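Across the two complexes that follow, chain A remains constant while its partner is chain B and subsequently chain C.
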Partner chain A sequence: MKKKVDLLPYFLVSPLIIFIICLALTPAVFTTIAAFFKVQPLNPPTHFSGLENFRDILHNAEVRSSLGNTFLYIIIGVTLSTVLGIFFAVVLQRRFTGRSILIAVLILPWALPGVVEGILWTGIWDANTGVLNSVLKSLHVIDHYQVFLGQNKFLTILAIEVVQVWQITPLSTILILAVLQNIPDDLYEAATIDGSDAKKSFLHITMPLIRPGIAIAVVQAIIATLNIFDQPYILNGAASTGNSLAMETYAVSFTNLNFGQGYALSLLITLFTLFTSVVIAKFIYKKVEY
Partner chain B sequence: MKFRNKGFRRFGVGFILSWSLIPIYWVINTSFQTDAQISDTPSHLLPPTPGWANYKALLIGDGELPSLVRRSVINIFIECIAATAITVILASLAAYAFARMEFKGRKFFLFVVVMTMAFPTYTTLIPMYRIMAMLHLVNTYLGIILCYVSGFLPLATWILFSYMQSLPAAIEEAGSVDGASRMQVFRLIVLPLTMPAIASTAVITFLFAWAQFIFPLVLASDQSTQPLTVIVAAIQGRHVVPYSLLSTAGVIALSVPAVIALLTNRFIVSGLINGSVK
Partner chain C sequence: MLQAIKVSKGTKGAAIALSVASALGVSSLGAPAKAATPVTISVVLAAPPLPAAMLAEFTKATGITVKWTQLDWDSLQTKIAAAATANTYFADATDVDWSRVGQLGKLNWFLPMEKYIDTKALAADMPQLSSFSKNGHVVGIPYDASFMVTTVNKVLFAKAGITKLPTTIDQYTKDLNTIKAKNIVQYPLNIPFAAAEGLSTYWYETTGAFGGNILDATGKPLFTDPKSAGYKAAAWMVNAVKTGLVPPGNINVADSQGQQTLMAKGKSASTFSDYSGNVGSLYDVPASSSVVHQVQYLATPGVTGTAANLGNPDGIGIPAKAKNPEAAAKFISWFTDGKNMADFAGANGISRTWVGYFFPSRLSGIAILNKKGSIIGGDVLAGMLTNSAAVFPQGAPAWYPEFSSAVYTNLHAAAAGTMTVEAAIKAMGAVATKLSSGK
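Right, the complex of A and B next:
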């Protein structure tokens, strides 16, 4: 007897698959192919140009400086969000009164749009009206108001990245906390009986066992920091101090209207993201056993 | 068990509260001040003469600015609600098939879903714009909504799939013994049991949609479809707009996601955990 093919599951997944094919895979394939073509709407025709886009984009001084900037964003962002994430998760590890309210408050920055966060932190960093200047001056740390954004490159990047860290740390915390809560209490009890103090327990029980949580947190932080756009766009505008790779991709494509180079840059960012995510995941993410 | 002193917790709780709340408090505080007050040294910890003047200037009246802001508020609600509804419906259908049916290609399709979750935004931004331009969907609600749905569908499917898979199959088997079709089992048994995960998915999708900036910046070329985030950034870009109005626009744009996050944080946390642990 011929077995009839069950069509129902295909029917159920077809909208999802159609969306993925049309608006995710097609664009990705399109990007990959078009990166090897000269695509400039104002300067036709479109033709195959081999590696020219990649060569041009890597020789573009602004792209190069944004590459360095993005590297700084990643280093600062991943370090800060992971350290804070571990700290917050350890604070929230045990039950206590008000813990669920604290988690609700912790989540808040994650839920807000990057654009709005840029505006929030303008009120803190601003050179004329910012509260940080006001506080530092009242405490006599500084004599006159400082410019945090747009002058010193490192300071600009640090100030912008703190805003993104504010946004991504809640997710890091939640991911690490999820793993932390699986650690059995017995382990800590046994360690205490053996004479371990809080510091030793943290270093020898907590840290090794939350590695999988840290790995996921680090990967999401890398992806977020690598794609930083909203915060520098709002906080620093078109000023080129602290431009990120994502801002450069946008500028190359939509300001210079050089789509070919935009595709090439997008492709490089994508490959780099996938590569680092896999390496980091392999490196830190090892199954732990209790 | 007390292995960690109370001082550490007190410091930690204080740190988390100030870290999360001070920037939000500060923008609300400035939104109730005049520009002269904002520029005062030292800054005012409380608004000296609190009033709704900034809010009225942004929201009420026939001026260019209030009409722009009102329009963008309507736009962002239309785009977020439609994208959330479509995403949740399509994702729960697909998740049901993945969690409860055997079919050729199931593993492969699941792999594709997970893979697209790892795509960075910028892989698809330019081609997305060109596809929408080709379909004449630039500057339409449909274009923006389709773009959002395609972006959020993989994560939504994954969250619902991992949740449905953790449900015991025995309950549904009882249903099918009674002669219910698979879609009836879905509607009457699986869907009600999946409600917590559906709530998570809906809240997370809505918040993601609300936060979008670069896609609508590219896909919505004029105010007829631009969401609030794009308008807030545009207001910021005009140098004539004072910070008092800008911070007020910020408060308006953060009020909705902030209230949602405070009310539904349980769903957000469980959804984020379900969606990420692979």
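Right, the complex of A and C next:
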């Protein structure tokens, strides 16, 4: 007897599949193919060029500089957003008056576009009229206004990445909090009976059991920091002190109009994102059963 | 056969659509048109909207509604490039900057304006139209005749005991040092050192003041020799920030930001390369300025006397993928009409004045303004206009954006102290040499 196929599940997921095929897979396939072609509208014709785009892009001094900057963005951003995410999640785990309001407020920076955040933080970091300089000077911490962006590479990247951390930490918090709330209270009660204090409970119960949440938070932080664009563009312009890989892809593609190299760089970024995500998932993610 | 199948499917589809529409009670389907479909065009410029009253007049006269979008200049150039390369619609009329004419002309990203407007008849009344042409086609129509100027806060200069304004760059530098030494303001000079287009423009104007050009006729750099004007201009600009004439924080200040937060607030005494029209549209506007009637234009101080002012005209064109090119052309004709331009510049009162607009690109528009005597600083500006020169006398090269990017990133780095002027100039020269050789 022929088994009746239930089409409803396929029907329900079809919008998502169509969405992914049209907006993710098709451009990805196109980019992958085009990365092996010389595509320069100012210098036609378009032709197959093998690995030439990849070779040229890796020999490009600006790209190499932006690669180093991007690694710094990743290290600072992933570390800070994950640590802060765990901290806020633990604070928000316990129920207290105003908790819901606090969560809503915490999410606000995540909802703001990066450009808006960049503009907001310009008012803080600005070396001529910024709030931070004004506060530090009125507290007599500094005797004259300081330049936070554009002179020292590490300070520039740190200042820019703080803005992104402000944006992505809420998502890390929510992801970790969701896992945290699934941990049964019985485990903590049993540990307390066995003589465990708060510190030991955190290290030996909370941390191992929130690993799935941390893994997802780390992956989303890596994707965000690897693709950082709005914040350095608004706060530091196209300067090499804060230039990111995503900004360089934009410059190569839309300023230099060298789309072949732009595709190649995009493909490399995608492959790196995939690789690191898989590695993170393998080493941090752990299926938890209570 | 294939065509027949397509037609058959199309007919069937139309029939189904009609049936569904009827079932839904869409009675207008199939009814004869009662009036022409109203047209709305999208105009995107790096400028605030025109006065509402004037746009309403245009709509009333033509039936075309204008949806105006303002973007910052750098973002606008990116959007134009992104839409054109993706072969998609972006706007019906948008910016054609003088610096992009070479590139846009080569790439055919804009429709030839001579197809829609009698550009030959326009040429006599619009001197800068020729610089908006490439390969025999008019890429855009200039709608203003702006150029770079030097602005000074005469009150701050007077407080420092400077009664005679400088005419040479040496005297200008000396006066700025006097203002600083007498602590009239801590940082008397505004140079926007943010890595953006405004920094490149500032350097071009300063290079002109030092008596030279940026590129030769073949696009090769003319600024790599330490004795060249471009090299001296870069050194002068970077030295200004090192010696405390320019606020150290200006390494991240863009052009308009510096004009609004430093010059308009009386924190700087001068901007060497300012935008013509800023006195009337920014510094003399009480809502945005604390130095009303204090700032004036100064003939650009050069090596031995007054130097040329570099032309910085803005144009408007029709992108190749515009949805309503005919309507866009009608708007551009109206927008660049001499009488309307005179109104934009303030010939007929504030309600018809376009904020930030400077100078008509049509001689007939200037004639109306002169007759009415309504140009702020008109006598000085008129002299500057006759003394204005193109940044690239041979026309902007098609690879200009990449060159400009090299200019502003390297000059920024030199000002920030992460590289020397020599290294910055070397890097900028290498890019110009490479691009001009077609590599």
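Going forward, the second predicted complex is superposed on the first by the 267 of 290 C-alpha atoms of A that agree within 3 Å, B and C clash if a C-alpha of one lies under 4 Å from a C-alpha of the other, contacts with A are read in each partner's own complex, and residues count from 1 in each chain.
In the analysis below, contacts are C-beta pairs under 8 Å (C-beta built on N, C-alpha and C of every residue); 3 or more make two chains touch, one makes a residue touch a chain.
As the structure is a prediction and not an experimental result, all values here were calculated from the model.
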Looking at the overlay on chain A, is there a clash between chain B and chain C, or do the two fit?
-> clash
Just chain B (first), just chain C (second), both, or neither: which does A:151 touch?
-> second
If you stack the two complexes on chain A, which partner ends up touching A:190: first (chain B), second (chain C), both, or neither?
-> neither
Chain C versus chain B, contacts on chain A by residue | B
Check the residue A:142 against both partner chains and state whether it touches chain B (first), chain C (second), both, or neither.
-> neither
Can A:88 be said to touch chain B (first), chain C (second), both, or neither?
-> first
Tell me which partner A:51 touches in the superposition: chain B (first), chain C (second), both or neither.
-> neither
Quick one: classify A:250 as touching chain B (first), chain C (second), both or neither.
-> both
Quick one: classify A:24 as touching chain B (first), chain C (second), both or neither.
-> first
Touching A:75, do we find chain B (first), chain C (second), both, or neither?
-> neither
With the two complexes superposed on chain A, say which partner A:203 touches: chain B (first), chain C (second), both, or neither.
-> neither
Residue by residue on chain A, keep only those touching chain B in one complex and chain C in the other, then list them.
-> 126, 128-129, 237, 250, 254, 259
Listed in rising order, chain C residues that touch chain A in their complex are 78, 81-82, 85, 103, 106-107, 194-196, 247-254, 261-262, 267, 398-399, 401-402, 405, 408-409, 412-413, 416-418, 438
Interfacial residue positions of chain B with respect to chain A in the complex = 1, 3-5, 8-9, 12-13, 15-17, 19-21, 23-24, 26-27, 30, 38-39, 41-43, 90-91, 93-94, 96-98, 101-103, 106, 109, 112-113, 116, 118-128, 130-131, 146-147, 149-151, 153-154, 157, 182-183, 207, 210-214, 218, 229, 232-233, 236-237, 243, 246-247, 249-250, 253-254, 257-258, 260-262, 265-266, 268-269, 272-273, 276-277
In their complex, what parts of chain A are in touch with chain B?
-> 6, 8-10, 12-13, 15-17, 19-20, 22-28, 30-31, 34, 84, 87-88, 90-91, 94, 96, 98, 100, 102-124, 126, 128-129, 131, 134-135, 137-138, 166, 171, 174-175, 178, 185, 188-189, 192, 197-198, 201, 216, 220, 223, 226-227, 229-230, 233-234, 237, 246, 249-250, 253-254, 259, 262-263, 266-267, 269-270, 273-274, 277
Per the touch rule, the chain A residues reaching chain C in their complex are 41-43, 126-130, 145, 147, 149-151, 153, 235-241, 250-251, 254-257, 259
